[in-house]
Amino acid sequence: MKKIKLGMIGGGLGAFIGDAHRRASRICNDFEFAGGVFDADYGKSKEFAKLEGIAPERCYESVELMIKGELARKADDRIEAVAIVTPNYLHFPFAKMLLENKFHVMCEKPMTMTVKEAEELEELVGKNKLTFALTHTYTGYPMVRQMREMVSSGMLGTIQRIDAQYYQGWVNSIIHGADSRITGVWRFDPSLSGVSSCMGDIGVHAFNLIEYTTGLEIKQVLSDLSSIKEGFRLDLDGTVMLRFDKGLKGVIRSCQVATGEENNLTIAVYGSKASIKWGQENPNYLYMLTDSDPVKVLKPAHGYNSDFAEKSHTMPCGHPEGIYEAVANIYKGMAKSIRGEKFKSGEFPTVHDGVRGMKFIHAVVNSNKNGNTWIKL
Amino acid sequence: MKKIKLGMIGGGLGAFIGDAHRRASRICNDFEFAGGVFDADYGKSKEFAKLEGIAPERCYESVELMIKGELARKADDRIEAVAIVTPNYLHFPFAKMLLENKFHVMCEKPMTMTVKEAEELEELVGKNKLTFALTHTYTGYPMVRQMREMVSSGMLGTIQRIDAQYYQGWVNSIIHGADSRITGVWRFDPSLSGVSSCMGDIGVHAFNLIEYTTGLEIKQVLSDLSSIKEGFRLDLDGTVMLRFDKGLKGVIRSCQVATGEENNLTIAVYGSKASIKWGQENPNYLYMLTDSDPVKVLKPAHGYNSDFAEKSHTMPCGHPEGIYEAVANIYKGMAKSIRGEKFKSGEFPTVHDGVRGMKFIHAVVNSNKNGNTWIKL
Amino acid sequence: MKKIKLGMIGGGLGAFIGDAHRRASRICNDFEFAGGVFDADYGKSKEFAKLEGIAPERCYESVELMIKGELARKADDRIEAVAIVTPNYLHFPFAKMLLENKFHVMCEKPMTMTVKEAEELEELVGKNKLTFALTHTYTGYPMVRQMREMVSSGMLGTIQRIDAQYYQGWVNSIIHGADSRITGVWRFDPSLSGVSSCMGDIGVHAFNLIEYTTGLEIKQVLSDLSSIKEGFRLDLDGTVMLRFDKGLKGVIRSCQVATGEENNLTIAVYGSKASIKWGQENPNYLYMLTDSDPVKVLKPAHGYNSDFAEKSHTMPCGHPEGIYEAVANIYKGMAKSIRGEKFKSGEFPTVHDGVRGMKFIHAVVNSNKNGNTWIKL
Amino acid sequence: MKKIKLGMIGGGLGAFIGDAHRRASRICNDFEFAGGVFDADYGKSKEFAKLEGIAPERCYESVELMIKGELARKADDRIEAVAIVTPNYLHFPFAKMLLENKFHVMCEKPMTMTVKEAEELEELVGKNKLTFALTHTYTGYPMVRQMREMVSSGMLGTIQRIDAQYYQGWVNSIIHGADSRITGVWRFDPSLSGVSSCMGDIGVHAFNLIEYTTGLEIKQVLSDLSSIKEGFRLDLDGTVMLRFDKGLKGVIRSCQVATGEENNLTIAVYGSKASIKWGQENPNYLYMLTDSDPVKVLKPAHGYNSDFAEKSHTMPCGHPEGIYEAVANIYKGMAKSIRGEKFKSGEFPTVHDGVRGMKFIHAVVNSNKNGNTWIKL
């Protein structure tokens, strides 16, 4: 099958996240990395293009030139989808330009800086009938998909409590190091990163994971955030109380200075009949609990899983796949959508998930500002 | 060494918690179970006394008679300490009577129904120079004590976040069963159990564990509670935001309808230099995390532990001790105190811990009632 | 109920194992520690007796005197059962004397020095209709008993492979320390300890655990042992191939110099329909595996367990009991037997288990000596 | 950088292992899948080539034609390396042909049917100065490489015991199903698969893992194998005693009918100063044990790891990579070798590892045949 030509904005030399996208797209095997704007510095961008074997004429100096250049090509030789892996404040302008020019977009999260921007992108995607995918990476794991299917099947009964956590420690050594390191990190500059660090960068993944696995919408939040170090301008830690419809409550806890934590994203959904727990660091284990039976440990590549989970894993049981394969699953879903193939809701996070995420981030920040009061999403 | 005669109020036939106290006191080996008031029904009480080999004259019809009877004995033949293992609303009146008559008390938690009662007991204990121990059982575990010592040593640096959880599922099958079961459970009747179910029964353990292991006081709470089932009069679930001094924040999450959870009490204390995590269901494992080193797993019976932790464990490494041994450690601390031996702060939870616990429970309930606002303890 | 008076040989000041027996017997609550011969040094024995509150006249200078002294008492004031917790070479002579004088015996393992001695004890027990229990401690764990019941129910189908391990590391620091420490340890002196260190001390537990949980007899062994350090006279490490009836094979691996291992006894029984795995360091978790279903994790205090397992655990689910409770369960079984109450096969390891163990130890040592050939038990 | 053109023999429609090779080679990004002989049935081969986007002229009818066709191309357009993913009996003839014609080879294991064949390939590789890689997949895991570096650093002291296990359960449902399934599986036909099933397919991985991580050679083996089901012609289960130089002993246990086991390959290396344990199903966790310190849990993406381990992992800590990335690491090492870049011993398993593996398999089978005697490798 013909591969979809993939462009990239950002992700040049030394950029971890761009490399992750390229690896995932290669695993998925529906894409061909064809060009892009890899660095604000055109020289570095060209250096990178050479190393990657990108045709020199497809290493563009700006997004505008890339759009122009690709539109000038014949349709079957054109970059059709573009991955945006820049600092946060650039997601919106580039996504907007791309969508207006009929390119499909794979965008890093948080999707935009404001809710309004997010809604504008959603409208554009709808109007132009394009595919827009957002890297809520963790939705690509087979057992997360299995969890979604299990909840959706009703086997948990009425959901009674939801508890999600996202703890990392990496910012700790930065805030306790020299100040210059803080100012050097774009994530800690509100004008580049947005209104939130901890909630915008990782809390929103926990939020998305809840909505993804349960199919429920969070209606209100009440938050208490902390910036830990005096003078630090963004949140590095926070607790968010959640309210859903029908009296359901829950909590998201998130921290970027939980010293020693690596990437500890977990979710527990407690139902009246059964409960399910999952953690990102051991993504191939899904725990199901009931009042009466032994705890069940579900793993990929077994007949007891849903079709959706099984199609998201290719190795036999006991051969652990990891996060690249999760991202590859999202690229695969995006490819199906671009090609007009049938796909399942949940195969990739959409622009609507991006709008939801922005609403969450802003509501959380506002609740904290307003003296820890309930804010509607 | 001569054993301390131990009386008991409650804990007769079929009472699990009374049996637990007796086992623990036997393990500790400083006590001799000598008499008490084992059941509101005197016949049943006598039946129990016979089975246990209690002298018939020491199976009393009432607490008043027990006090009178024991005071009539010679000092060296007298019950010196009494364990109160009744429903919650009886803790205070019995404890008060006992303290006024110079008996040492081991009391189940929550200590009283109100903060005022708790403070009254604290005053009495101080005035009469008695030993009062409270069954915050989990403080008896060796690795909890090790955690306390590690935090106290300063090796964690500045504490940046505290997260505790206490999830159980056992109430789930009750609330989704016949209504009669709910009315039959004294824990669910506010007049017998107090203002809270989930927070009063288990949330307060998480609270105590935080204050015990860190030596910090929680200053304010903001809670959101849920009674899950319509018509249910007490909380069965809740999230409590915590504020300590110096900007430190944290969270307690607690639930009694987390289907399938057994007794999942956990605590994580994140410091600027290191973090520590512990969970009750695998109590012999303590995890220490840093930015730069491999995760360390500490276990009992090793030279790297503090003296306090090591003295709280008697088996060689790899021979798991459990919860009875934890309670026995608390009985051991109480015995030292009664005997006037030197003991360490933290060897048993005191009446002051009980006062703190009652303040917590009431503050949490009030915060929820007041529309999720901050309440001082 | 009247308590059974328990005597002890060995287990004086600083003796860990004697203390463990006393704690376990107190937890079980059917015994009263009444006297014994606690130390070869009578002075130390008396010092210990005083500390423990043992009546001075029941602190005997020798086993002969203890037997004489106790037999002189009225039946209902007499020590009925005696725990032998001496170095190995003394087990047999003391057990024999006690049995000949109609005392019940709780004996540390390995039961004797030779198979012949073991068989002599078995004959004596049978002839005198006494209760003889052996501390294969691990058979007292609830989930080991659950495993036994599950295998016995046939739910595993035909057993296809059995794999047991017992790894410890504590001897490592001894053999790499000063020589004097080796010579000071009675366990390393064949004349005091027997023909084997690793297999006699811990390998035999793995052997017993296999026979206990499966109800199968090991028929032949082929071993390869290692004494690790030049000049060391006993095995510290070994692999033992096992053959059962009907072509079933298995393996025991055991080591006392597995640096850093604590008390890592595990067993896996693989059947044609299902498999079960258990490990001593987390004794409350039993894993059941099948071809088609999620892994099941069984824990104590649940309705899905057998009656035998459930009666071996007293706390509610999630409240971990440990090794003292396991030993207490064995004491409880012994008490039932002494009292003539109904008990289940498997409630305590018997003299026959001791005979089997001695046959195993000697067969393993002989196989190694004979150039790693098959030896029948 | 220019990609190395990769050919493949076998691995057509529905072939899991071929797909795994292609994914891994794409992750590694040094190869371009260019052609091959994908199926014995040329029609199916062509169908597969079309799906994969392989140029039709590079979908060959036979290995001979592929060699001829590729040699006819200009050097810079030629397939340079060929992955052999056929049933075992075809590895040797195809590898030989390829090597004789100067193609580099990536070969599935077991490398050949006989030791002689293996040695013939080793000679050819040496003579023709080619790169030959063998898919001992597990050597590609970062923490396995870390283990190798740690052992090699001497930090374990003298190695005292080695214990490896490889348990799977997948054959269980086959042997207890209809006979036709057994005859249909080429792995169970000695003429297609070789002299061993369990040892040849998985036991040899455990063997390789031991030699890879410790740098030690196994000198002698004594085995006891079992074919479990009457009439089954190959081993499905076995224990192998190991002897190394200097008195070191160890064991490999392997089983394909360990019901419910997925892919449970583990290794433990016990040294006089420290020990290391690793398991394939949670490949990102490496456990280091000592006599005196807490257990250390090493994970990828940390400064405490060796350079070799760190270069074998690309994601930040806590983002689990899996088995595809492990295979990709091996492809990466092969690419370096083909390109004449500097690489480290251990970056990919070599033809010599294949010779060692064949010696192991044959020695194990012979030991079992000879009545469980020691056989030299």
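Labels A, B, C and D are assigned to the chains in the order they are written; within every chain, residues are numbered from 1.
In this text, a contact is a pair of C-beta atoms (placed from the backbone, for glycine too) under 8 Å apart; a residue touches a chain by one contact, two chains touch by 3 or more.
Because the structure is predicted, anything quoted here is derived from the model rather than measured.
**Q** If we look at chain A and chain C, which chains touch each of them?
**A** B, D
**Q** Return the chain whose centre of C-alpha atoms lies at maximal distance from the corresponding centre of chain B.
**A** Chain centre farthest from chain B's centre: D.
**Q** I'd like the Å distance between the centres of chain B and chain D, where a centre is the mean of that chain's Cα atoms.
**A** 55
**Q** Indicate the whole-number Å distance between the mean C-alpha point of chain A and the mean C-alpha point of chain B.
**A** 43
**Q** CA centre of chain B versus CA centre of chain C: separation in Å?
**A** Spacing between the chain centres: roughly 35 Å.
**Q** At least two other chains touched by the same residue of chain C: list those residues.
**A** Residue numbers touching two or more other chains: 261, 288, 292, 295, 299.
**Q** Which bits of chain C are touching chain D when the two form their complex?
**A** Chain C reaches chain D through residues 160-161, 163, 165, 167, 169, 172-173, 176, 222, 224, 226, 228, 237, 239, 241, 243, 247, 249-251, 253, 255, 257-261, 268, 270-275, 288-292, 295, 372-374.
**Q** If we count contacts the way the header does, which residues on chain C are in touch with chain B in the complex?
**A** Residue list for chain C touching chain B: 1-3, 16, 19-20, 22-23, 26-27, 29, 51, 53, 168, 170, 261-264, 280-283, 299, 301, 314-325.
**Q** Along chain B, where are the residues that touch chain D in the complex?
**A** Listed in rising order, the residues are 288, 292-299, 302-304.
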